[in-house]
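Each of the two complexes below includes chain A, the first together with chain B, the second together with chain C.
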Partner chain A sequence: MNQAVLEARQLSMVLGERQVLQIPSFQVLPGETLVIMGPNGSGKTTLLLCLALLLKPTAGSLAYHGTTVKDAAAELQLRRRFAVVFQEPLLLDTTVLKNVTMGLHLRGIDSQEAKQRAMEWLGRFGIAALAEQSARTLSGGEAQRASLARALALQPEVLFMDEPFANLDAPTRQALIEDFERILRETKVTTVMVTHDRNEALTLANRVAVLIEGNLRQIGLPHEVFASPTDEGVAGFVGVENVLPGVVSAQSKGIATVTVENQKIDAVSELPAGSRVTVCLHPEDVTLAQPAVEATTSSARNHLTGTVIKVFPIGSQVRITIDCGFPLIALITRRSFEEMGLVTGQNIVASFKASSIYLIPHR
Partner chain B sequence: MKLSARNILKGKVKQIKVGAVNTEVTLKLASGVEVVSIITKESAENLGLAKGKEAYAVIKASSVMIAVD
Partner chain C sequence: MDLIVEGIIQAFVLLVHGDPEVMRVAALSLGISLAATVISLFIGVTLGTAIGLTRFYGRRFLVSLINTGMGAPPVVVGLIVTIMLWRNGPLGVLHILYTPYAMVIAQCVISLPIITGFTMASIQQVNPKLRLQILALGASHGQLLWLLLRETRLPLLSAVMAGFGAIISEVGASMMVGGNITGQTRVLTTAIVMETGKGDFGLAFALSLILMALVYLVNLVLTLIQQRSRPR
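The block that comes next holds the complex of A and B.
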């Protein structure tokens, strides 16, 4: 394993009487894009600012390539290897070009090289034509592009970003994320980014860290965190809307039958009978059928009959809540919803595969 | 329409690979395209799947990724 570029150890932050951060160890690996996710108030930004040396933690230390950062001089030297991008672009009231060259001048780069580098980065972000324009005239998306160009022109060893796309409208955000993803792939600059947007995390992250109430609940590859959350808090945050308490009532050749309320749910799992578990199921993995469809004609092992109790359209999809003895949420396309003529009060069969279930064992 | 899944593809079972827990079933569609599915061994037995038997691959729209060359 590559040695960490940065490692925070025994990091703790107390504000007033509130412990806002308590993390035994947190590593940033070379060349990775590490996305820190979590609900509002979970300590994401505090962690980012501590790693970027912009906020002093109550306790704990930071190591750079294995060497502990000991004094203010070392901190200052290290800070010059970092660049930070915030949710607000924070541009100065001058031209776009000067906004980008200013940081380079402060780091002792001569004017010609600074201009060359700034133009290169403005070009990579598609706004070279705006170089001589006043930064005040930029749209939100253009301003954030200028802010990213300014940060990357510094050729930072680590780029820190705090919800950089959160203030942009959907199409602007999507276009910028696509460009940024390409630039990350090309430059491989080590990046730590805070977001609460799951799609951003899935698009950009090599690793995802989930922070809840100041604690690092899970860190791993995006598909691991999203498909196999370690606890209910992470499961809820990564979009597993069906999080149900149950007990394994039978185990047969790798299939665990879990009793949830009075229903039986089959899951691919080796957990023995008697295990207390949390059943996790993504709503995207639930298929709905009219009761007339014979369950035995499908390979899906789970077919729960219930009543539609809530219908909530989300863009091109519809979120359906079904009472099966417990509320079960399914996400289907609006077209299927209309073709099936679903209404509240209607009986329906919710089907899902045993392999779509992820069981979290209770310790 | 009786099922919410948007893609229901008819084919014939081309191959069945039985594992310890799961069975891998390959369906060949009329177009010649093959679709591979992992289902539990017991489900494969319950459905009476056998080489040459007609079956459907049922895929939710949200599960389909699109890629370009």
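The block that comes next holds the complex of A and C.
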């Protein structure tokens, strides 16, 4: 295993009487893009600022390539190896070019090289033509591009980003994420990014860490975290809207039958009968069909008949809540919704595969 | 109306002929007020930045004192400085009462809260995350302060203008600590008061015009610096 570029040990932050961060160990590995996710107020930004040496934790230490950072002089030297991009572009009141060269000057790079690097990165983010313009005249998207160019021109060993795309409109955001993803692939710069956008995490992350109430609840590969959350909090945050308590009532050849509110659900799991579990099911894994159609067309193992109790459109999709003895949420396309002509009170069959279910055993 | 026209003509004549007494009074006015502004600027920017960036016990009380000081009546300042510099006062050993030095001190006391208050407010207005961003760019704490002050240069120049404006035009403190002594501590404002008292409205008006011209010129220079400093 590669030695961590950064490692936080026994990190703790107390603000007033509130413990906002309590993390025994946290590692940033070389070349990875580590995305820290979590709901608002979970301590994501606090953790990022502590790692970037911009906030002093109440307790704990930070090691850089295994060496503990001890004094202010070492912190300054280390900060000069990092770069940070915030949610707001935070450009200074000068030209775009001077904004990008400022950090380079502070790090002792001579003017000619600073200008060359700045122009190169402004070019890579498609805003070289704006170099001599006042930073105050840029649009939101241009300003955030300038902010990213400013950070990457520093050639940081670790790039920290605090929800850098959150303030942008959807098309600008998508374009910038695509550009940034390409640049991450090309530069392989070690990146720690905070977001609460699941799509951003899935697009950019090599590893995902989920922080809830200041505690690191899960860290792992994106598909592991999204498909196999370790607890209900993580499940809820990574988009598992169906989180149901149940008990394994039978086990047969790797298929566990779970009883949830008198309904039987089959799941791929080795858990023995009698295990108390939380059933996790992504709403997009649930398909809906009219009762007559379902039996002949679906290959899914689980079919639950229920009544539509709520219909809620979300953009191009529609969120349907079905009462199957317990509320089950399905996410279907608007087109499917219109074709089926779903209305509240209608009977419907909800189907899902045994492999779509993830069971969290209760300890 | 005649008085105004007469005043304008007299001011023009005094300026064109370079009346030595008027020139001396104008130069002393400008010199004292500029010196007081520069001293207040150094102390006020330092204090305002420190108070703006830090949190400590009693800070709110200190800020309320500074805000009150921004509106302190010059005559009260004049009285306090006079008492301090009086022969038997705490600073009487300096023997500077009724000298331009005393006037500089009094004017510093008037402009210092203004410049401190403006600096504090402008530093506090800067997005707190900008401080983090500047540190993240690799700035030391000294470089951080310099860049923050540069970022607030427009309101800071306004602070200089407000501070200078308050003291070049004040009369109470200058009269009390300077004494309006001919050839030594007479400045434009005290001369205007004196000439008005004597009924020489023409000369008083001429001196007023010169005072206004000086204030305008200094503010013009500061405004040009202020507006030039921002890229387009």
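As a working rule, the second predicted complex is superposed on the first by the 359 of 363 C-alpha atoms of A that agree within 3 Å, B and C clash if a C-alpha of one lies under 4 Å from a C-alpha of the other, contacts with A are read in each partner's own complex, and residues count from 1 in each chain.
Criterion: a residue touches a chain if its C-beta (ideal position, glycine included) is under 8 Å from a C-beta of that chain, and two chains touch if they have at least 3 such contacts.
Bear in mind that the values here come from a model prediction, so they are computed numbers and not experimental data.
In the superposition on chain A, no contact is made by A:L271 with either chain B or chain C. Within the superposed three-chain model, A:F82 lies in touch with chain C and out of touch with chain B [touch as defined at top].
Once chain A of one complex is fitted onto chain A of the other, the partner contacts of A:L54 are limited to chain C, with no touch recorded for chain B. By the touch criterion stated above, A:A250 is placed in contact with neither chain B nor chain C. Looking at the shared chain after the overlay, A:E284 reaches chain B, while chain C stays out of its contact range.
In the superposed model, A:A175 lies in contact with neither chain B nor chain C.
Of the two partner chains placed by the overlay, only chain C lies in contact with A:T94; chain B stays clear of it.
Comparing which residues of chain A touch chain B with which touch chain C, the overlap is empty.
Residues of chain A touching chain C in their complex: 49, 52, 54, 76, 79-80, 82-84, 86, 88, 90, 92-95, 102-103, 106-107, 132-134, 136-137, 150, 154, 160. Those residues of chain A whose C-beta lies close enough to touch chain B in the complex are 253-255, 266, 268, 284-285, 287-290, 292-293, 296-301, 317, 330-333, 335-337, 339-340, 353-355. The touching residues of chain C, counted against chain A in their complex, run 127, 129-130, 132-140, 143, 147, 150-151, 230-232.
Those residues of chain B that touch chain A in the shared complex are 1-6, 20-22, 37-44, 46-47, 58, 60-63.
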